[in-house]
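In the part that follows, the structures are each spelled out as C-alpha cells.
In the two complexes below, chain A is the common chain; its partner is chain B in one and chain C in the other.
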Partner chain A sequence: MIWKIFTGFLLSGVIIAIFLLPAPQKELGDVSRIFFFHVPVAWVAVLAFFVAMVNSILFLRKNEIVYDIQALSAARLGSLFSILALVTGMIFAKNTWGSYWNWDPRETSVFILILIYGAYFALRSAVEIEERRASLSAVYAILAFLTVPFLVFVIPRVYQSLHPVESVIDTKLKFQLPLPYLLVFLCSILGFSLIFVWVHKLEILLCKFDKDAKKE
Partner chain B sequence: MEIRSSTWISKSFWVFQKDIKSELRTRYGLNALLMFAVVTLTAVSFAVGQFFSSPKLISSLFWIVVFFSSMSGLAQVFIKEEESKTVSLLKLVASNESIFLGKLFFNLILLFLLELIIVPLFLILLGVQIKNFGLFVFVVLLGTVGLVCATTIIAAIVAKAHVKGALFAVLSFPILLPLLITVIYGTNLAFEGSEFSQGWNELKVLISYCVVMGVGSFLLFDFVWRE
Partner chain C sequence: MSSNFVVMIVSLIVWLGIFFYLLRLDKKIKDLKRR
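Take a look at the complex of A and B:
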C-alpha cells in the first residue's frame, strides 16, 4: 500500500518538475520535454516483453496456468506502452526531423515489437483450448524474444539513424545531463516501472476474474 | 547410446521419406509453392520491366517472392497431418525430435527445389546479372536454411490452432524480419559484385540466425507437439 502512495507522489512530482524546469534542450524548446515521458514508456514496453518471456519460460517448465495469465497481462500492457512510445516518438520526430515516420531504426524496432505483440494476440485468439493456447503462445513468445539480438544488431546497419543517441540526449545523460534533469529522468523511469508493476497486478486479477466468470 | 542416436536420426529420415512419398502422390506442396512463386514473379516482372533493374530493388523483390511463396506452402507439412488425422499414428512411430527434423528437411528440400526453378526465371525475366555468384549462392543457401528453421516450428504452432488462415504469415513475419533484411542486403551485395570480405558480415549474421533459430525451435518443438 505504501509503495502505491509513493508512486503517486513520485509521478506527480516528476510531472510538475518536467514542466517547471527549463526545457532540457534549448534549441528544440518545449518539445524536448517529451524525453522524460518517451524514454521511460519505451523502457516499460521492452520490460513488459521481457516479463512476458520469463513467464512463458516458467509456464513451460512448471505447467501452471498462473504464469500464462502473468505473461498475457504483461503482453497486454507491453502493447499499450509500445504504442505510447511510438506516438510520443512520432510527435518528437515531427517537430524535430519534419516527418512523423521515416523508418528510423528505433521506430522500426518499436514497430516490430508491436507486430510481435499483435501476432501473439492473434495466435491466442486462434486457439480455443486453454492449455494448448498457453503452451503455444509461450513457445511463440520465447521464439520472438530470440530474434531481439538480431534486430539490435541488424537494423541500425541498414538505415541511418536520426534518433538522438550520441548527438543530443544520451551522451548528455552520461556526461552532461545536469543533475536535476538526471534526477527527474531516473525518478520518471522508476515511477513508470512501478506503474507497470501496479497495473500488471491489476491485469492479473482481472484475467483471473474473467476466467472464473467464464467457468460459472 | 550410439545405437539409440543412430535410430533417432534414421527415424527422422523415415519421416522425411514418408513426406516425400505422400508429396509425390499429390504434389500439392510443391505445386502450390511453385504456382504462387510464378504468379508473383509475373506480377513483379510486369510491374518492373526488363530495363529498369537496380540491384537493390531486384534483391528485395526476389526475397518478397520467396517469402510469400514459402508462406503459401511451408505450413502444409503439419497442417496435412492434422487434417488427415494422422498425428497420433506419427507420434506412435517416431519421437518428437525425429518428426521435427524430418519435417524440417522436407521443407528445406521443397524450398530448395523452388529456388532452383525461380532463380533462373528471375534472372531471365528481369534481366539481372549476378556479379559475385559465389556470394549469391551462399546468401541464398543460408537464407533458405534460416527461413526454414524459423518457420517449421511456426507451421507446427499454426497446425494446432483452430483458425489457420493467414496466421502463418502473421506469426512468421516479425520473426523472419531480421533474416529478410540481412538476405536482401547480402543479395544486393552479390548483384553489385562485392567481394566476399564485404559480404562476410551478412554471412555471419545469417549463420548465427540459423544456429539460434534451429536450436531454439528444436528445443521448443517438444512443447508444441505434446498434448
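Take a look at the complex of A and C:
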C-alpha cells in the first residue's frame, strides 16, 4: 500500500515540478513540457510489450494459463500507453511542425506498432478454444515484440525524421538534460512504471475473477 | 492567472481522479479476494 501512496505523491510532485520549472526548450516554448509525459509513456509501452513477451515465453514453457492472462494484460496496457505516446506526440507535432500528422518515420512506426498489437487482440478474439488461443497468441506476442526495437529505436534513426533525437541521452550515453530536469524526468519514468505495475496487477486479478465467474 | 497554472491544476485534478479511482478499485478487488 505504501508504494501506491508514494506513486500518488511522486506523480503529483512531477506535475507541479513540470509547470514550475522553465520550459526545457526555450525555442519550442511551453509545448516542450510535454516531453516529461511523452517519453515516460513511450517507455512504459515498450516495458509492457516486453512483459507480454516474457509471459508468453513462460506460457509456452510451463503451459500455465496464468502467464497467458499476464501477457494479455501487459499487451493491453502496452497498446494503451502506445496510443497515449502517439497522441502526446501528435500534440507536440501540431505545435512544432504545423500539423498533427506528418507521416514522420517515428509517428508512422508507432502507428504500425499499434496495428501489430491490434492484430494480437484480433487473433485472440478469433480463436475460441482457450488453450489453442493462449499458445497461438503467445507465439504471436513473441514475434510482435521482435519488431519493437526496430520500430521504436532503429527505423526512426535510419530515416530522416523531424523527431528530436538525443534529447535525453547523447551518442556517448551521457545525459543531456540539466540536473533539475533530469530529476523530474527520472521521477516521471519511475512514477509511470509504478502505475503500470499497479494497473497490471489489478487487471490480472480482474481477469482471474472473470475466468472463475465464467467457470461457475 | 497564467495558462501554465491552469494546465497544472487541471492535470493535477485529472491525475488525482485516476489515482483515487485506482485506490478504490484496489480496495474493491481486495474485498472480492477475501470473499
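What we mean here is this: the second predicted complex is superposed on the first by the 192 of 216 C-alpha atoms of A that agree within 3 Å, B and C clash if a C-alpha of one lies under 4 Å from a C-alpha of the other, contacts with A are read in each partner's own complex, and residues count from 1 in each chain.
Keep in mind that, in the parts below, a residue touches a chain if its C-beta (ideal position, glycine included) is under 8 Å from a C-beta of that chain, and two chains touch if they have at least 3 such contacts.
As the structure is a prediction and not an experimental result, all values here were calculated from the model.
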Touched partner set for A:D30, first chain B, second chain C, both or neither: second
Partner chain(s) touched by A:W198 [first = chain B, second = chain C, both, neither]: second
First, second, both or neither for A:L206, with chain B first and chain C second: second
Which of chain B and chain C A:Y140 touches, first, second, both or neither: first
Touching partner for A:V154 - first (chain B), second (chain C), both, neither: first
Contacts of A:I16 with chain B and chain C, given as first, second, both or neither: second
Partner chain in contact with A:G8 - chain B first, chain C second, else both or neither: second
Superposition-derived comparison: chain B or chain C, residues of chain A touched: B
Residues on chain B engaged by chain A in the complex (per definition of touch): 150, 153-154, 157, 160-164, 167, 170-171, 173-175, 177-179, 181-182, 185, 201, 205, 208-209, 212-213, 216-217, 220, 223-224, 227
Complex contact set, residues of chain C against chain A: 3-5, 7-8, 11-12, 15-16, 19, 22-23, 25-26, 29, 32-33
Footprint of chain C on chain A - complex, ascending: 4, 7-8, 11-12, 15-16, 18-19, 30, 195, 198-199, 202, 205-206, 209
Footprint of chain B on chain A - complex, ascending: 60, 112, 115-116, 118-119, 122-123, 125-128, 132, 135-136, 138-140, 142-144, 146-147, 150-151, 153-155, 157-158
